[in-house]
Structure formats: structure tokens, C-alpha cells
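Could you have a look at this structure, given as C-alpha cells, before my questions?
When the chains are written out, they are named A, B and C in that same order, and each has its own residue count from 1.
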């Protein structure tokens, strides 16, 4: 009668979920989510990870009202939201504070989804090491303001911290809070 | 966990699971329909829903069928299923006064506003077998409901009725109201003691009936002294209100059967000096038609409130003792795990015992020396 | 008809004859642009109660609930139905949108809803009969009842 488009179907979300798990398990590995996000892998990731049980802060108003409605996630301020979506090309506002979780509830630390121009290519070169990577893994990015990486550092304090999902049109790479980042450019 | 470190047995495990299914049909007969279980074993299905913490009677009936009638195992199945479902949200608060009643009784007053309605109940029956059910004809089975409902209804009794306690409250004989506490999600937040009363109520609402009853029975037999009276016991159908997705206005999404019990316990002094004595209260409420559970819960609620106010003097007044031991899935799971292989831990116990025995047998002098050392305080 | 009553009536139809609801929705949606405003879902509603003696809020448990939120011919509709499938909830939401917008087929929705209303009335009648037949006036010994 009425069909839902990807990424809103259960089948697509199941597939994207497996891909995101792989990306999180191997920080920096570039994973192709295909066309599920309609040219926006960030939307595919959020459609899979968020629902009415969580809140989302769309920092730079990247989602249109129809997408927001389909997501179903509640609204929250940047300091509280478990999910934050932002334009990676724009530097974060000075003094921006996100939810890094607490010692007792580190799992409440935010997942920060950053839209970039390119994931897997670009001038910004990172070396990622830590759990999931036996040897340091390189990740190149285009259209990510390095100030986001500084913001991540400001919020680090294991087990608290932010988990990053970097997304371009089709691809994502994840940098969980357990990963060490070294600039290599 | 290391103590179930085993390998192998896959074929036997598969066949053991298969045997469960084989034994269902080994004696012949007809397969049980899930709808028949839901409709004719309704109290069992209600119990499974209540202890599983989820109103889904068709799947609860399937759980009863799949577990071959084991209520603990069936509740475990339902709770495992619910843990895979998305949480769509929480409703606004619903009240027992909204119940569309089929039963409403009071042990405190013979005359209550709206009257007493027995509804379906076996309270006044002798427990004698109905041997006619041994060989029931489908026709007789179907005619029971058809004939009864074909009769004309006598005088109307409203579907919703006021609470019995309202009159006592208006007279100032009950504990005065205090600011209400907000709900506590026991499915997502751990119980860290002391827990607020809403956590206790939620834990008891999905507690195991037998466990809850044992705690309540201890208070009846003298481990605590409540001397409760059931002010009201009601069973009916709660219209579940949910915001209309387009308008946001609350609409009725369907009905959930609920049993609710309010008890009046011993009267005590008011909180402050010079305050007049008042009755204290207890509250029980659970999914489905579960009267023993609702009454037991109300008694445990009162008992826990006494413990919170004056310090626990009896087991049923100790929130940790009560709430950590009434969950059927947790207690059954812990109990059942003991039959799984513990070969490594038990081998260690065995080694220790053998060493102790050989020390005692072979070295009496050494043992005496060791005891003397302890005796000297060295 | 009141939209609140319509929701309850369609929920009753969903319980009694979901196939009829699906068939009608399918017919109504055929000639109109339709889209989902929210992802239809089968999930759980956490049932919050207010306790009768202190007024504290607590969770009685959860209940299986299906929700749908659609737009049909420019008219928004929704449904939230206990124990239903997402397909049934979507069908009810389409009917709700058509009725709310006064779109072609609204009469058919009202006719189907009337069946749900009749089922609810029969259910209420049976319960009333149970209450009336078991209403009791206790008297203490020595009192005349």
C-alpha cells in the first residue's frame, strides 16, 4: 500500500547495523553503507541507531522536518543528547560541551555523527591505534575541521568520552573513545 | 563464566531439546491451540504476562505451550522477547478508578458506593471436582457462554466506580497526601538501595507470585504485624491511553486487564507530635486477573513502608530482602544454573577437601603445632 | 464523528477483523498520494500507573503496541493499537487520515468503524451483565438483608 524507502526499512537497518558494528570494531576502517541513506550515510547511521527511546541534537539543522519525524528521536540540548549530528566542515562553537557520560554511567557518553565531504580520502590524515587495530591504521578525511578532534580530546577521560561516526555520502568510519588519534599530515 | 568450561555434547544437546517437542505428542491426542490456551487457561496466561512484565496474551499463550505449562519458563520466554522490542514510550499515568470493572469487592465495608460486584470468582466454593469436565462435549462447552449471555441483564451497575477509600480519606482517617514520587524504570535502572517506592511497586508488579506470596505470608504469620483489611479489590479492563500520532491527543489503543488491591493496615500515630492516629495503607496492582498477587503485593508494600519509616524489624520489611528475591526469572535462572556443568569449581572443592583430610590424617603433630600457634596469638 | 471515538472503534475492528481493515485501507490509498510521516513500528508501551493510596507513579509493565503515522492526500492520520501488527496500524492510520480529511471513502471508514463500535457495545453489554448478575448485598448475621 505505502512503501517505506531505505534507510527506514527494518531490512536496511539490519544491514547498516552490521556495517556500523564492523566499523566500530575496527576503528578507522572505511565501510560503504551503499545508497541506503539517499546520498547521506549520516542519515543511514542515525536511522539505524536512533529511535523514540533516545534524544538527538541536530547542532547545525542538517535534517529536514520529514527526516526528523521519521527518526522519531526526541530533541535534546548538546550537553545532554546521547546523539549529536553536526557538519564536520564547520568548526564547533567555542565552549561547546557535549555529554561525555559519567564514571558511573560512561555508556551515556554521546555518539557524535559528523558529516564530512570525503571519508577515506582527503588532506587530513590520521593514525589510529588502540583496541580493534593490531597495528596503527591510517584514515584520510576531507571536510573535517580539526577542531572536532580537539573537542573529542577535551571530553576524553576513560571510561568517559565521545564516540565519533564520520560520514560522507555513502561511507562511514568510526572512532570510538578508546582509540588514540595522531595527526599525520 | 569459567565454571561452565566444557566442550562437546552438541548432538546430545540438540536431541535433548528435540525430545521436549517429541514428548508433547508422544501420548497422541490433539495439539493445543494457542487461542484455546489464552481463552481457557486465562489465569495462567495472565500470570505469565504479569511475571514477564508484558501484556501480550497471545505470545504468553504460546510461551505456555512451548514450555509445556511451566509458568517460570513461560515468563522467561516472554521477558526475553520483550527485551528485543523497541520501547515506544511511556504512557501518562493511569488510575485504577479508570478500570472498566467486572469485579469489585470490599472486606472492610458491606455497603460501598456503587455496590459490591463478585464477578467471576471461586471464593465461596468448596473445592470439589467437577467430573463433568473430564468428558466435556463441545456443544455443552459452547452453550455455557451462549446461553448465559443470551439472558437479559438485571439492573445496571456502572462500569466504573469510585474507590472505597475515598470516603475514609474525606473523613481524614487516612495518611494525608504527600507530593507524589515519579516512576522508576526497573527494566533499565538497577535497584540501588534504598530504592524509591515506585521502584518497589514496579519490581513487585512483575514479581513472581509465589515469591511475593511467601513474603506476604510471613507478615500474616507474625513476622511483622499488619493486621490488614482489604478495603477494595477490583479487577477490570484498563483502557490504555496513548497519544494519537497525528494530533497528540490521547486515544484508546485497547484494553489491558488489571487487578488492583488497596489495604488498610493498623492505625498508628500521625507523623508529627500531637497529630491524631490514622490508618496506614498498602497498594498492590498487577497485569491480568491475579488476586493473590495483588493482595500479597499490597501487604508487602505496607510492610516495606513500615520498614522504611521505622527500620526493618522483620524480613518482609527489608526492601533489599524482598525486592531482590521475588523476581521469578532471576531466581529461577540462578537456581537452574546450578545443574549446569561446574566441573572446574567442584574439582577445586574436591582437591581442597582431599588436602585437608590428608593433612589431618598424616600430620597430627603439624596440625597441633598450627593450632598452638593460633592459640599463642602468633 | 469524534476522532477519539473513531480511534477506539478502529482499534476494535483491528482486534476483530484486521483483514477487513487492511482491505479498506488498500482501496482508499489506491487513488491518493500517501507517505509515512513516522516509521510504523511494533514495540512496547510502558504502562504508567498512579498508585491509589499515595499517588506515586510506577510502571505496571509493558504492553505490545503498534503505531503508524501517515499522510494521505494531504491529510495526516495516525493509529496506536494494542496487540496489532504494523500493517494493521498503517491500515487504521490510512482510514483515520481519510476520515479526518473528509476524503473520498470517508463514508466507508465510518461504516467500518460502526462495526467496531458495535463490537465494543456488545463487549460492554456482556460485562454489564456479569456485574449485574453478581452484584451482592451482604448483611451481617441478625440483620435482615
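Assume a residue touches a chain if its C-beta (ideal position, glycine included) is under 8 Å from a C-beta of that chain, and two chains touch if they have at least 3 such contacts.
The shown structure was predicted, so the numbers you read here are calculated from the model rather than taken from an experiment.
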Remotest chain, subunit C as reference, centres from CA atoms: A
Chain ID, smallest distance between chain and overall C-alpha centroids: B
Interface with more contacting C-beta pairs, comparing A-B to A-C: A-C
Centroid distance [mean C-alpha coordinates] between subunit C and subunit B, Å: 28
Centroid distance [mean C-alpha coordinates] between subunit C and subunit A, Å: 39
Residue list for subunit C, restricted to those that touch at least two other chains: 37-38, 41, 69
Subunit A, residues touching no fewer than two other chains: 51
Junction residues of subunit B, two or more chains touched: 86-89
Complex contact set, residues of subunit C against subunit B: 3-4, 7-8, 11, 15, 37-38, 41-65, 67-69, 76-83, 93, 96-97, 100, 124-140
Residue ranges of subunit C in contact with subunit A within the complex: 25-26, 29, 34-41, 69-70, 90-91, 94
Interfacial residue positions of subunit B with respect to subunit A in the complex: 86-89
Complex interface listing, subunit B residues touching subunit C: 49-50, 53-59, 82, 85-97, 100-103, 110-111, 115-121, 149, 151, 153-157, 159, 163, 165, 174-175, 177-178, 180-187, 197-199, 201-202, 205-206, 237-240, 242-247, 249-256, 258, 260, 262, 281-283, 285-287
Touch list for subunit A against partner subunit B, complex: 51-53
